[in-house]
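Look at the two complexes coming up: chain A is in both, with chain B in one and chain C in the other.
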Partner chain A sequence: MRGLVRPAQYAALALYILFLGFPLLWLMSASVKSSGELNSLTVSLLPSEWHWENYTEALDKQGLIRSAGNSLVVALASTALAVLIAVPAAYVLARLRGKLRVAGVGWILVSQVFPVVLIILPLFLILRTLGLADNLAGLTLVHTTYMLPFALWMLQGYVAAIPVELEEAGAMDGASRLTVLRTIVFPLLAPGVVATAMFSFVSSWNEFFFALVLLQSPENYTLPITLNMFVGGEGKVALGPLAAGAVLAAIPSIVFFSILRRKLTSGLMAGAVKG
Partner chain B sequence: MTAPALKERPVRTKAKPTRQRTRRREAIGLVLPSLIPILVLSVAPIVVGIFLAFTDARLVRHPDYAFAGIDNFTKLVDNDLFWDSLRIGMIWTVGVTVLQLAAAMGLALLLDSGLRLQGLTRVLALVPWAMPPVVVAIMWQMIYSANGGPLNAVLGSVGLPDDINWLGDFSFALPAVIVVGVWVGMPQTTVTLLAGLQQIPAELHEAASMDGAGAWRRFTAVTWPSLRPIVTSITSLNFIWNFNSFSLVYVLTAGGPGGKTMVPVLFVYLEAFKNREIGYAAAMGLVLVLVVVLILAVYLRSQFRDDRAGKGR
Partner chain C sequence: MKTRRAVVAACLMVTSLLLAACGSGSGDSGDGPVTLTFQSLSDQPAAIAQTQKIVGDWNKAHPDVQVKIVQAGWDGVYDKLITQFNAGTAPDIVHYEAASIAPFATDGYLADLTQYLPAEKKADIPKGVLDSVTVDGKVVAFPTELQSYVVFANKTQLQQAGVTIPTGATMSWDQLREIAKATTKDGKFGLGWGLSSPTAAFIALAPGFGGKYFEGTGNDAKLSVGQGEQALPQLVDAMAHQDHSIMPVTLTQSGTKALAPFYAGQIAMTVQGSYQAANIAKDAPKGFDWVVLPPLAGSAGPAQAANPQTLSVNKDSGHVKEAAEFVDFFTSTDNLAAMNEADALIPPTTSARQALTTKLGTKNGWGPILASGQYLTSAPYLFAGKYAQWKDTVATPAYQQFLGQKIDAAGLAKQLEDGWKSVSK
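After this line comes the complex of A and B, so read on.
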């Protein structure tokens, strides 16, 4: 009986790995299969021959590169903006006590649970009034706003980890608050800022719902929207290039997430447990 | 901002009230840049959304609002499709949340029990969560495909029916979509549970073993109670996230076949942007918020009551 525990555990683990990994493997394999093989009735995990031209074909697809560019611009701009305005706010959130902090933390939690479906209509109307619907700048502002809660949460955790005595020592030496922030706090905060920025980039790069509602002209589409167009109706591209496009779209997120793995664990812990 | 900072400088402990006011002003200055987008693009939409629910606004260039009182809500009572979508949404949300927790618990326990392949599993576990939902949906469409999809191929090879159009079948579509939801959400839950498991002092397990407790008994007596606070909070969060999740179902099935996967969020989206009834859609949105809040309140209450009752033991 005891001797069976380990094998059973390994069998269970193998099942999990299969469940988690097989779809990924299948997508990657489909991205290098020929269209003949993809449409044939014999199903095999590995391609009989490798066809890299699915990738060149995907890149040739009208709109894919342009929308990847749009995604990149929106993700970089909203990340920069979010970090820029979140760092000072997170500092206040972590260092100050009292009502302001309670309100801030309360809002962060509420914003995590508020359904976008109620927000999206008025948001659309507000942006349209401002002339920012169907506009990459408008989408950037929306992404910035909606990545702020998590950015603030992560960053205030990093600030809280910096001993306040360091700042006090700086203040004793006669440095102004801004000097203290610039010379003492920011350098220590840098790793946290990088982690937050990576996470923000990924959430913007992956984001679908806001982009779907706000963007109407194909030249403004972000990558997820264009990929979705290829799936449904009009675009109906061949499966191989579609799989290749999907793999390409997933690469930045996966790269950033593998770098972030450790940091996210602790960040999530804090969020989940204290939430 | 410079002037007050200068005033503060000479002696730190002097003139307390002024210093406090200075600090407050500084704090507001530092928070303001994030406050503005939040107020305009997050708080204002919530307020406007609640307001819209009581109007008959339609999505046109220049919306003509008329106050409609509770008309939208009385109309909603008779809308069977909306209640259908709420029922489907509950199956989807509860299904994904519960299966996600169960699967994640299993995986977390396995990873915590010192097996090999941990590194691989940990990396693999984060990938589904990191991928764009659109890519996840495309990938699973391929897996589920009725022509040459690997799932049917596997079923066929063991002698089961191998011609099921998973996402297009009236009875299989919802379960198929739920499996994808579990696939996406499991990693995050696993990571959180694993971190929780690692905080349980080993002595507790040892003590239980000494008392002759088997694996299952140790789980129910030590692991589960220690994880309870974490389980409660991730279950609440997952419930909300799953209830509100849109992209996955939208790309996988767009609510089809025949509305069998029409989760409420999708329903409201279509009402607003396809039927252009934004007042009506806002009312639906408001009802959904209230439903979620109500369910969570009941759930959290029961958790706290259990905690209080548990104290006596």
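After this line comes the complex of A and C, so read on.
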């Protein structure tokens, strides 16, 4: 009976992975189906005929690769900026006591309340005045600002979870404040930073509305804007090319995640040992 | 040391990315020929190519007035335009639809094109269609493309049911009901109609029963729901729940979704936007014999409300005259015919419709589809201020409840009218 436990665990895990991965599998299947098959009642995971031209059409449409490049630039830059700003701010927020902390936390929460439609016009006017409208740098700043409150909120939770006694012990051993931060706090905080970076990257990569309004020139469009072109008026959707475009759009995220996943694991282990 | 290097590397990366990004913005030197921006929403590959061809032809013939296409998508374009108009960065020429452009015209963002509308073109556009782009007596856009609601039928299924396929200039809704009844058997249904968002279809088809829904414009528009407005929802209700000739699941689906059972032979007919003819020609299984039935006529005739796609000119363009001349060029007979053929839509001018009829004949249902264009008439809802809000928050849920038999006809009328009063306060 005990010998069955491990295979059952693997089977459950496989089922869970299949459950989670099914939408991606379906998307990949849709990306190689003909329009007729996509609009038929016969449902099958494997296409009856493989239609790779969906990919050709997706790549031809409005410069998908250029848009992916724009998205990558904005997502990487805004992620780096958000993390660089959020790490010290989150540390201060977590360790600070008193009214300033309450005000800081309150401001983070309040900043999440405003709907984006409400702020888009003043934002657009400010960026235009700065010469940053219709510009990837402007969009990067907006994405950074947009994701910063949540990044701060996430990271301050990670900082708060690091016992302050560890820092005190370091100080007792004669380490300077910077040494304590560098050798004790940052390694323990690494998993949080990685998780925050992942969240920030995905938020920016998928962001649609700001990019839609702020970017005017097609050469500056990000991927969600270009993918949106597959959806026409009157509910017309080019399903095959859209699915193909979505598959291609998922690749950079998967690569980014697979790179950061290792850091997340090593960070967790580092935290376990030091903790 | 390693950490410091990593931080410095990260800072350099961010700086270089930002500098690279800063360099990619567009700029206007202000020298040379006038450059007009044309925000196009064309979404089909053939229509995009045709738009590029028309713009290319214009640019070749007008070296001093160059038009630059800015390709955009339909989704979210209203929010984008609101921001652009408010911030003074809207394109010179705006592609959109009459229903959505009317509020921009009311708010004074669009140029009055009346003086740029040549008399012969004015005579070429049916009055009802011209009305749909006329706000406060000013022509605020030129119509470019139209769609109507038509019935696509599986010819084989109709013949097997012993039905005589209508071939007249029009067919009545009663005929449709009879054919649907006759073809409902053996687990198959006579009709499939994707009515998950029924408001647009019911309002567009209401003129066939004398229904208007709205009177007046802007925030003063009044809504009344009488027999003319109720006739079609009640007919659908009767077909679905008395005759059982409408496939029930399609009532909760989008129009496109209802095509799958049509291809599979589970429904004999489906009511769709006329543009679906192109998709059916492409996607239907081999040997699937389909036809477009004649335009539907209600007690008041075959009229349908027109909501054309349009081209408008930004009032703050700085080059209104040149932009209006381009719009006139874009809507010439040949260009409209080519554009509508590419997009599988109906030209808004009589001459372009005739040109397309001559060219395409009855292939892929073009005959009855183009014929239905002559019955497109003015649409009072285009000018009702809070129509979009009413449609999404009041009308669609109310129609869904009615078709789901949660409320009766009186309850439907009350919800629609009370809802309008509430949103238009």
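Methods note: the second predicted complex is superposed on the first by the 195 of 275 C-alpha atoms of A that agree within 3 Å, B and C clash if a C-alpha of one lies under 4 Å from a C-alpha of the other, contacts with A are read in each partner's own complex, and residues count from 1 in each chain.
In this section, contacts are C-beta pairs under 8 Å (C-beta built on N, C-alpha and C of every residue); 3 or more make two chains touch, one makes a residue touch a chain.
These numbers were taken from a predicted model, which means no experiment stands behind them.
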{"item": "First, second, both or neither for A:Phe208, with chain B first and chain C second", "value": "both"}
{"item": "Contacts of A:Ala250 with chain B and chain C, given as first, second, both or neither", "value": "first"}
{"item": "First, second, both or neither for A:Leu45, with chain B first and chain C second", "value": "first"}
{"item": "Which superposed partner A:Glu57 touches (first chain B, second chain C, both, neither)", "value": "second"}
{"item": "Touching partner for A:Asp134 - first (chain B), second (chain C), both, neither", "value": "second"}
{"item": "Touched partner set for A:Ile120, first chain B, second chain C, both or neither", "value": "both"}
{"item": "Chain B versus chain C as contact partner of A:Met229, first or second or both or neither", "value": "second"}
{"item": "Partner touching more residues of chain A, whether chain B or chain C", "value": "B"}
{"item": "First (chain B), second (chain C), both or neither touched by A:Ala169", "value": "neither"}
{"item": "Residues on chain A lying within both footprints (that of chain B and that of chain C)", "value": "39-41, 84, 117, 120-121, 125, 208-209, 212-213, 228, 231-232"}
{"item": "For the chain B and chain A complex, residues of the former touching the latter", "value": "5-6, 8-9, 12, 23, 26-27, 30-31, 33-35, 37-38, 40-42, 44-50, 52, 63, 103, 106-107, 110, 113, 115, 117, 120-135, 137-143, 147-150, 153, 183, 186-188, 191-192, 195-196, 215, 229-230, 233-234, 237, 240, 243-244, 246-247, 250-251, 254, 264-265, 268-269, 272-273, 278, 281-282, 285-286, 288-289, 292"}
{"item": "Footprint of chain B on chain A - complex, ascending", "value": "5-6, 9-10, 12-13, 16-17, 19-24, 26-27, 30, 38-41, 43, 45, 84-86, 88-89, 91-93, 96, 100, 104, 107, 111-123, 125-126, 141-142, 144-146, 148, 152, 171-172, 174, 176-178, 202, 205-206, 208-209, 212-213, 223-224, 227-228, 231-232, 239, 242-243, 246-247, 249-250, 253-254, 256-258, 261, 264-266, 268-269, 272-273, 275"}
{"item": "Residues of chain A that touch chain C when the two form their complex", "value": "34-36, 39-42, 57, 61-62, 70, 73-74, 76-77, 80-81, 84, 117, 120-121, 124-125, 128, 131-137, 139-140, 182, 186, 208-209, 212-213, 216-220, 225, 228-238"}
{"item": "Chain A contact footprint on chain C (complex, rising order)", "value": "3, 10-11, 13-14, 17-18, 20-22, 24-26, 41, 43-45, 70-71, 73-76, 79-80, 82-84, 86-87, 89, 97, 147, 254-256, 259-261, 263-264, 266, 273, 275, 279, 282-285, 309"}
